[in-house]
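Right after this note come the structures.
Look for subunit A in each of the two complexes below; its partner is subunit B in the first and subunit C in the second.
Up next, the complex of A and B:
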């Protein structure tokens, strides 16, 4: 069960009318290394991982939904006042034809989200290594979006999200260390 | 590590005299501080709560502000 706080994890401000940025940001909304994929991946892995790291997956998976909500707010702000013509200019014509002004879980190339983006192998080390890779890929995606964006306020929020990927990666790496440390310990079953 | 240090590495890919575009020189890539940390040591310095909320981390040792086109500039 979750308790919802009716505010964003970090303020989202958009200073330029540039719907094209929304097209890029969708990658982090419904893309392979996006926030939706991250949240679903971690929360699902909780059930088949040693007790010691269940809480970590729970906390990070939950935070990913807070990030998803920030991305949604950015996309919404960038597109809500755009005319169909402006959306066309921004490369969002295909999106508009299918979804109107609605947001949708797809990547920047309009490929719809799929569960094949995530994995649950049931092997704690394999799963945590995937999680570490996912955090690094999301960090890189934020870098490339920042590179493409001239919006100072938007980049400020994106920089916050990128920093969170670093912290998450660090915690997943520590989780691997926690599970590895048993090596020299005699374990009697 | 120094404050505000940019965590990047660089390399220079081969550029052929026959390549049509000018040589952009060094390529840079991010190597954020967590890659070197292992288990986070205890009692590291912390940002103030307000600063931490703004930066996205409580720990200066994990802070890596990415600049636009850092990849190109290094």
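Up next, the complex of A and C:
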């Protein structure tokens, strides 16, 4: 089960209404390497991964939901005061006619989220390598969004999220080593 | 949407966020280094510290968790995290 805490993992401030930037950020909301994909990937893989690394998948998967909430807060704050005309200028007209001011799980190009973004191979090493790759792709995406953004307040929060991907990648690499060690120990005896 | 919140709301909340961040970092570290007794000790100390920070914040601004202890129900009242 999960327990909700009524706070973001890290503060989210935006300097001004900026629907264009919100459109880019949607990539990390419902895109292939986004936070929803990350959370669902790890929490699903944890059932069949060896006990030694279940905790890690569980806890990183849980943290990804906190990141998803931060991205949602960013998108919400960047668009809440926008007029339909400003949304149109930002390339969000198609989004607006379908969803109004609501958020939707899609990527920046408005392709809806799909489970085909994530894999569960039932092979611990294959799954963990996918997870490491996912973290590195998410880190790169954050960098590209930061490059496109001149909102200093927002960039502070985005840098926080980028750093988290680096830590997650590191922990997943350690998990691979733990499993390799265990495998080698079994071979000896 | 709530009226503007006092500066204190943000500063007290940021202290809680900072301590929670340290707890999360130690949590993930311990997931792959379960024998590190020093890290575990740090985690338990920070958890105690967090309780001390939560109390005054929740008394002023309402519960962070639905099971938070208050003198009346504040949980489902705004503001929500994306509104502040």
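Annotations
In this section, the second predicted complex is superposed on the first by the 183 of 189 C-alpha atoms of A that agree within 3 Å, B and C clash if a C-alpha of one lies under 4 Å from a C-alpha of the other, contacts with A are read in each partner's own complex, and residues count from 1 in each chain.
Definition applied: contacts are C-beta pairs under 8 Å (C-beta built on N, C-alpha and C of every residue); 3 or more make two chains touch, one makes a residue touch a chain.
Keep in mind the model is a prediction, meaning the values are calculated, not measured.
Of the two partner chains, subunit C is the only one that A:63 touches; subunit B does not reach it. Contacts of A:7 after superposition on the shared chain: subunit C is touched, whereas subunit B is not. In the superposed model, A:174 makes contact with both subunit B and subunit C. In the superposed model, A:76 makes contact with subunit C only, not with subunit B.
When the shared chain is aligned, subunit B comes close enough to touch A:161, but subunit C does not.
In the superposed model, A:18 makes contact with neither subunit B nor subunit C. Residues 10, 167, 174 of subunit A lie at the contact with subunit B in one complex and at the contact with subunit C in the other. Contact residues of subunit A toward subunit B in the complex are 10, 139-140, 142-143, 146-147, 149, 155, 159-164, 166-167, 169-170, 173-174, 177. Against subunit C, in their complex, subunit A makes its touches with residues 3-12, 53, 55-56, 59-60, 63, 69, 72-73, 76-77, 167-168, 171, 174-175, 178. Listing the residues of subunit C that touch subunit A in their complex gives 10, 13-14, 16-17, 20-21, 24-25, 27-29, 31-33, 62-67, 75, 80-82. In the complex of the two chains, the subunit B residues touching subunit A come out as 30, 32-34, 37-40, 53-57, 59, 62-66, 68-72.
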